[in-house]
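After this come two complexes, each holding chain A, first together with chain B and then together with chain C.
So, the complex of A and B:
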């Protein structure tokens, strides 16, 4: 059997998870910003919409800890155009506790309506504690002084 | 040698030339028809809007040698793409002779925004 065509379906359904090869973990602290960049194709009328990004934990639903949105302007286009946009999310440890295994996702909203939602990217954010931390604490020398 | 030549088919919405329109929008179709002959003659344009015949203003006109005349018609954009097929004619004194033609596609503008392949491509600390 020969494969004649390979169809790549739009990954835009909530709950539809996809693991990416880009899943390297980044470590952040309180006050840091995480930039989430999305890629997509668009066609339609000129629109000003909101790109929304969130960091949290995907369970039955996505439990958002911190999020942010940014206005984007899409040009009128009758044919598909490829675009890339980003949103910066500030880490606020009063809302997201220190720990690893946080997930991210993004979506485009028109008003309060979701227009398209990305697949969740899993286990990519580690939030470091603001408290003093020690590692490899041991006696290395001892002598008379 | 042909006596008419269609320089262009112009489709305009709201006075702006456009190659697309939304369903229900009024579209003005202009055919720029040139008398390519060496003497003045009556020329006219006809066109179909998909399968519908358009009515042009003027119906016909006198054109001096190498003069270009605009023939305009009104149409309404349906809920699909449209092909405009125009023909140029000249009057030989006893009948209309068709010796030019041109086509143009007018695309239906997507009314709602459409997205595909929306995904996180990168994330970084900034």
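So, the complex of A and C:
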């Protein structure tokens, strides 16, 4: 299972999707959705599983900031079939702070068990701050001119 | 938020009517490009807040800085007028009007206003003295015939 494409569904322009090459960095704002499309092969009985995606920081473990999941229905197949599915993750800046270098991964779950996990794609998401923020606001000097 | 403060005595500036005080404000900004209002005032910090005597404001154009904080240094000039009486220990206040709660800062006892006292204050003192003497004259006999 691999992450194939990333798209941004901007909150400001409903109905539009921005496509990005996987190697590029995606800039998102609060309310935007990141669509992760994964490709995988399946063989087995018909099943309903969950496709799960997360944005966060890969350290010793993956520190998830925002995530989402979506049900996918797999048909019965005795031979390997290639499929692709997507999951949309909403950017919520109360959970993921403005900054760069966020990583992503996806997995397919059956109940609470992980069935297959994608490799982590590093440094692909930058979260932009939409609200004005001030830091160390101070009167530094005052003098007669 | 970590604030670094100076433990030394703040610089006191002596001003007279007709002078101009230049106030420099330093801060970090993160957010979209926008025009806000930089505001500064001289007055007295009291129990009920900051009692402004002279205030000024000017447009402040902030750059787009969506990912990280950008250091900003802005200045604003306050012309000293006859509206402020000679005296010591006036206070200084500055803020961005649209983000008052995030930005309002004050520096106490840093402005002295020098200059001749108002002629009205002298006249008032003379009048008070004259009234007191007149009252005393009514109760105290000035001489025996």
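Here is the rule we use: the second predicted complex is superposed on the first by the 110 of 145 C-alpha atoms of A that agree within 3 Å, B and C clash if a C-alpha of one lies under 4 Å from a C-alpha of the other, contacts with A are read in each partner's own complex, and residues count from 1 in each chain.
Heads up, the rule we're going with is that contacts are C-beta pairs under 8 Å (C-beta built on N, C-alpha and C of every residue); 3 or more make two chains touch, one makes a residue touch a chain.
On a predicted model such as this, the values are computed, not experimentally measured, just so you know.
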First, second, both or neither for A:144, with chain B first and chain C second: second
Partner chain in contact with A:133 - chain B first, chain C second, else both or neither: second
Partner chain(s) touched by A:80 [first = chain B, second = chain C, both, neither]: first
Contacts of A:88 with chain B and chain C, given as first, second, both or neither: first
Residues of chain A contacting chain B in one complex and chain C in the other: 27
Of chain C, residues touching chain A in the complex: 1-4, 11, 13-15, 19-32, 34, 36, 62, 66-69, 73, 77, 92, 94, 96, 99, 102-103, 105, 107, 110-111
Footprint of chain A on chain B - complex, ascending: 19-20, 107-126
In the complex with chain B, residue positions of chain A that touch it: 8, 10-12, 18, 20, 22, 26-28, 32-45, 47, 49, 74, 76, 78, 80, 84, 88, 104-108, 110, 115-119, 121, 124-125
List of chain A residues in touch with chain C within their complex: 27, 29, 98-100, 126, 128-145
